[in-house]
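Got some structures for you, see below.
Paired with subunit B in one complex and with subunit C in the other, subunit A is shared by the two complexes that follow.
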Partner chain A sequence: MIKELLDASTVLNNKHVIQWKKNGKKVVGYTCSYVPDEVFHAAGILPFRIRGFGAADTTIGDTYFGPFVCSLPKCMLQLAGEGKFNFLDGVIITPGCDSMRRLDECWRKAGSDVDGVIPSFFFHYGVPHKYSDYTIKWLTEETHRLIAAVEEHFKVKITDENLHRSIKLYNQSRMLLDRFEAMRTLDAPPFNGEDALAVILAGTTMPREEYNSLLEKFLSEAENSPVIKNRVRLMLVGSANDDAGLVRVMEGEKAVVVADNLCFGSRFYTDQVEESGDPVSALSKRYLGHNDCPRMYGDYKRRLDILVQKVEKAKIDGVILQNIRFCDLHGSENGLFERDLEAMGIPCMRLEREYGPLVETGRMKMRVDAFIERIHQKKAIA
Partner chain B sequence: MRKETREYNFDWMLWNSFTAAAQLKKGTEKEYRSMLKYIPYFRGVVESILDAGEPGQKFLDICSKYMENVITAKEKGKKTAITTFCFSPAIFYAMDIIPVCLEVISVMMTFTYKRGTAEFLDYCNEVGYTETSCSSQRGTIGAYLAGIGADIDMIVTDTPGVCDTNANAFAFASAYLDKPFFQLDMPPDLTGERSNEYHREDYRALIKFLEEQTGKKLDPEKLRANLRELAKQDEIIAELEDLARMVPNPLPVSYNLMVYASRFLFAGMPECTGVLESMLEVARENAAKNISGLSGGVEKLRAFFCYIDHYAQNLQLWKMLDINGICYQGNILSRSWAHNAPHVTEYNKEEVAYTIDTTDIDSLIDSLAMINSRMPMIKSIRGPYDAPNMWLEDTLGLAKLYNADLIVYNGTPGCRNTWGMVKLFARDTEKAGFPTYIMYADAFDARVQSWEATEERFMEFLKVRRLV
Partner chain C sequence: MFVSGVDVGSLTSKAVIMKDDRIVKSVIIKSKARPWESADEVMDMALARAGLDRKDIKNCVGTGYGRDKISFIDEAVSEIACHGRGARWLVPSVRTVIDIGGQDCKAIRLDAKGDMMKFITNDKCASGTGRFLEVMAKVMNLDLDELGEMSARSKQPVTFASACTVWAQADVIQQLNDKVPIEDIAAGVNNAMASRMAILANSIGLENDVCMTGGVAKNNGVVNALEKHLGIRIKRIRREDPQIAGAIGAALFAMEKASGGVI
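This part shows the complex of A and B:
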């Protein structure tokens, strides 16, 4: 089971997408976890989380973006320029951060330079940076604008009934992922962090019905799987990471990542959408209110509380606070987390890295090993 | 941070420096000249500004006053708010709050001190900021994080949706110092009923926040007086901008800096009006005599800075332009989007502009919301750069209106909001016929690229493009 999920998480145009397209259906990509999948599902469109995974260089990305910009959107543009996203029928860009929001212009410009780089549906979805009655109102209207645009472009109808059905399906998925999360944080978990990330990532690249079914099977199998013991328990926090290989490097033979707070990880599926009432308003409330990204300025204490709860629940020995270079949001907040978690006696390690091919595994491995050693020393003293 | 840097509060030191500088010309010329040798690292600023005559003197006076306000706020029983350059301080003055504008203070230190703000920049990294965070906020906030500045009561910004690294700097400081935080959030669109309503609702939430923090209700009469003063300032700025269209431009190169700095310090207050009136008087005289504002008197080129300036010590950017006969045709910071601004009327951009309506409390607050949403950077760096009313359209319009021969981009490596697309932007401006130079320096940190290297590359660009 894990192989199928791993394949879906490591191949962009995976077999599920190929089959979907063969059936004449559409795929719309989006760049940020603030976009409600349910809207596309309700339209019979496959929502696909765009990633930069697999980009071997950033020559195309660097042609459009300036130098002081995160490598994640550069890798995304690289793949788009190389035609790796040609299966997408549409793209949604959000102002997740400045680097990601500029993907809008860079991708459009690349599209005007080279035919076929940009899909015919290209939509900027404005997501506010705080949670209040008027920002929810804004996002609700924005979601209605998105729905209208999708309906017009793809000649589909997104009814409230369909939205309710989709919300229910995705909530089921979230419940399954809650079970998955509980299993992951057991004293002796049945799978490691690499597999865990692959399982979560797979959900962003395949039809939800199939995913739920695979996930259920995975969970059943996991109940009878051999468990992992006597490893240092880590939590991975910070910038976007959609590469299970990065987790593998960190885990090595000595550690296991039993929790995370990543937007490609657990942040993606926590919290349900209200199933009654106006579905668009319910989606807006959930997506704006329950995503724990530092782009929501001034909400640090809530995010720290989330980490502390996770540390306690998952019996975390140490927290790796990583950020992609030029990601000031996560990078700086990691500084605050380090200060506050260390003050609570929770060992932390800050790690700045580049997104993309794991070219610096040696450096990373050495630092993580040193961190693990520090944790062992702390335990020995205790 | 060096031990000696911690000896005195940095803002108190800065107040002393500017207060002393403001006194220099009040003696005899001989006394003035003999004093300059004792301030080798500050003399360039002092000379440049005081040589501008009465406007320069008034400008130094208000810089000193601003810092005095910061350091004496507590003894006068006033609250202090750390804020940003693109946030109109008019609301703070109306609510008796002393604004502490990080970027303006960073500029003051960068101009003045040999080491600029280096120690505070680095201190920020020591306590958690990424080294890629914007230097304009780090330069000053580092001092407050280190506890060597006036007491701060709250932190207010308006850059979410416009500049992450700016917004993040304020959010970080709020968490680090455990101070109340408020953000005005900017939607991607500037105009339209949805955006207008969002701006208004958000601004009302701000006022509620400020009322909670101060324990005082907003006084409509005080706000009305401030907005009337602001309207007066807009009138003067509109005339100065109009005069800048003349050939030769009668405005000295440093006027642009003094216009925007005065607004960032004292918008809606008589202090700002005084500097502007004084500048207008000189500019009118020069215009009447058909005299260029450049010290050499001959205008060779006109440069439009599409973003911010370079604040290397001693105003070296302005000196370089002046010496080379390059007329400074403004930047994103100096433009006002008042209904009477020349570019608003020239291009019929009334729907983008703001008007000041002092009829009642609602119209006062709505006016402020509109003003704030049209502050530099907030107005044009929010949505896609090539969308209507955004950065490209503004830049091309202004460059044409002010007869620019070239466009210059300068920011900091922290400006991901513009570095994310400046290459595309430059392609478009070049296509429109404007040689466009992208400076790879840091406006606030000469350690990234020395001023000498920055100047050499700038001049090289002019030569390569046969502009000189």
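This part shows the complex of A and C:
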């Protein structure tokens, strides 16, 4: 594992961000995978995916959110309140889900209560919940509104030419990540799920040019790395997870996570952006259309098909359907997935957890171990 | 050929030595702070009582929260699989196992051959676990055994608004201050416990026969209340102490392993 990728996945204000800022350049954070990084790249701004990683408690988050709210946005606000995001020059909030949308109001209120908590550029990027000609038009207009706001605030010009160049760069990244995905799903993969998540996370925290270069190096090294054999092959599905430690607990000595359908996971890189034509419209189509998040209406069947295809392609032995407590979107969809995948003979295990510091791993480990034993029994019978 | 199973739980640790599908000796002790110390002590006690030495044990399987920390075991198996296997040995017709341990509760569905089909456990909360009963018994100044027996004498069980351990504890204190008969409070505690467990058990779908394992299976007040909540009969375990079901399962896995099987 390349140390730089690992460091970038676990340190928010990592050395790439520090160097970027030293060069006098801006960083804008965003909370959801529906925000097009290319817009910021084209403006010479570093897009940075905001996480709640490292929050030790939610005392600040609890002050602004109610008790029955997912702990992810609470942890994000906690870090903001503690000044951990002071390196951000701007923040984009999207209605990924209701809890995430509420972060917009809570962060604004915290910003009015305490100086320095909110950056001077704070933008709500409305993303529709359906995919259709009408909503692509809507998101295209919304993206134009975002571009205009970025141009005005940061005194930059985002040209179509720059956007095309950024789209090309990010597509190169997606191609490399396709190679990464192919390696990850090999019968004997050269890296485990914990490392895979670290590689993906690093891409959300550093300049894309540097990321692509590190990724190429990682892939070359992986081609000659020792392979992982004779482990139960798991797929991880559900709520956002940006903690490689959680994957480590699940994998233990007996399993390997070879696939996922997470927003800090394969959803980050699937599908290219059309390189010809109007770039803003192309970005809107890809970002609204590629994403397999249950926030989107009427797409359950397609999301189930994606999981089934992944199970077949990656030779998955069992699926872990996890959700953060009070994450209704994934919590309810996981119930449907469990029903339908089990009916197809695919073993599933549901797991509810808190986002935040990894505590009480014993109980989680016990469940995963029992799930692995169940899979072994199933294989022995077959 | 002797084999053994050791189950290090949060409240108690259990060891079982078996030979030819029979239990030679079993021991239950209070768990210590460190799981390996509990495992050493309970296993040494079982061996001493059976007149055996560690080298006489062909295979040993560990289970429970501290299973990975036990140095002398040959293999670690989750307590879910062990309770399923142990319950099957105790009640051969069982298809649904409800286990209430010190700090968790589980419901396990087995297929006709006794293999685990599905399971569910509680989340990180003491409600619905042995700890819930322990806390309530302490507030009422009762032994755990007395708590179970009191349900039968209750004429009007109290209803608790919440199965949360913290809130229910406050409710118990309130009832005691209001001079509500202690057997009615005890019955209410057992009912609250059963109600919580019933939600969990129902969520995986019950199939007869149903049995209960773990220390709480010895509390008749909870078992009777659970039968009412679930609307089914729970088969009582008579063959051995239901609290050692996990250790029995571990010993059975050890036997399988010693006979050349793969766990």
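Following the convention adopted for this analysis, the second predicted complex is superposed on the first by the 381 of 382 C-alpha atoms of A that agree within 3 Å, B and C clash if a C-alpha of one lies under 4 Å from a C-alpha of the other, contacts with A are read in each partner's own complex, and residues count from 1 in each chain.
To be clear about the criterion, contacts are C-beta pairs under 8 Å (C-beta built on N, C-alpha and C of every residue); 3 or more make two chains touch, one makes a residue touch a chain.
Being a predicted model, the structure only gives us computed values, none of them experimental.
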### Task
After aligning the two structures on subunit A, examine subunit B and subunit C and state clash or fit.
fit
### Query
Touching A:377, do we find subunit B (first), subunit C (second), both, or neither?
second
### Message
Per the contact definition in the header, classify A:360: touching subunit B only (first), subunit C only (second), both, or neither.
### Response
second
### Message
According to the stated criteria, A:132 is in contact with first (subunit B), second (subunit C), both, or neither; which is it?
### Response
first
### Query
Does subunit B (first) or subunit C (second) touch A:165, or do both, or does neither?
neither
### Task
Classify the contacts of A:144 with the two partner chains as first (subunit B alone), second (subunit C alone), both, or neither.
neither
### Task
Count the residues of subunit A touched by subunit B and by subunit C, then name the partner with the higher count.
B
### subunit C versus subunit B - closest C-alpha approach in the superposed model, Å
5
### Query
Which parts of subunit A are in contact with subunit B and also with subunit C?
325, 352
### Query
Which part of subunit C faces subunit A closely enough to touch in the complex?
65, 76-81, 104, 115-117, 119, 121, 123-124, 262-263
### Summary
Interface with subunit C, subunit A side, in the complex: residues 325, 352, 360, 362-363, 366-367, 369-370, 373-374, 376-377, 380-381
### Summary
Residue set of subunit B touching subunit A in the complex reads 127-130, 132-134, 157, 160-161, 163-165, 167-172, 174-176, 181-183, 185, 187-189, 194, 197-198, 201-202, 205, 383-386, 413-424, 427, 440
### Message
Touching residues of subunit A toward subunit B in the complex: what are they?
### Response
63-70, 73, 95, 97-99, 101-102, 104-106, 108-109, 124, 126, 128-130, 132, 134-135, 138, 141, 294-295, 297-298, 300-301, 323, 325-329, 331-336, 338-339, 352
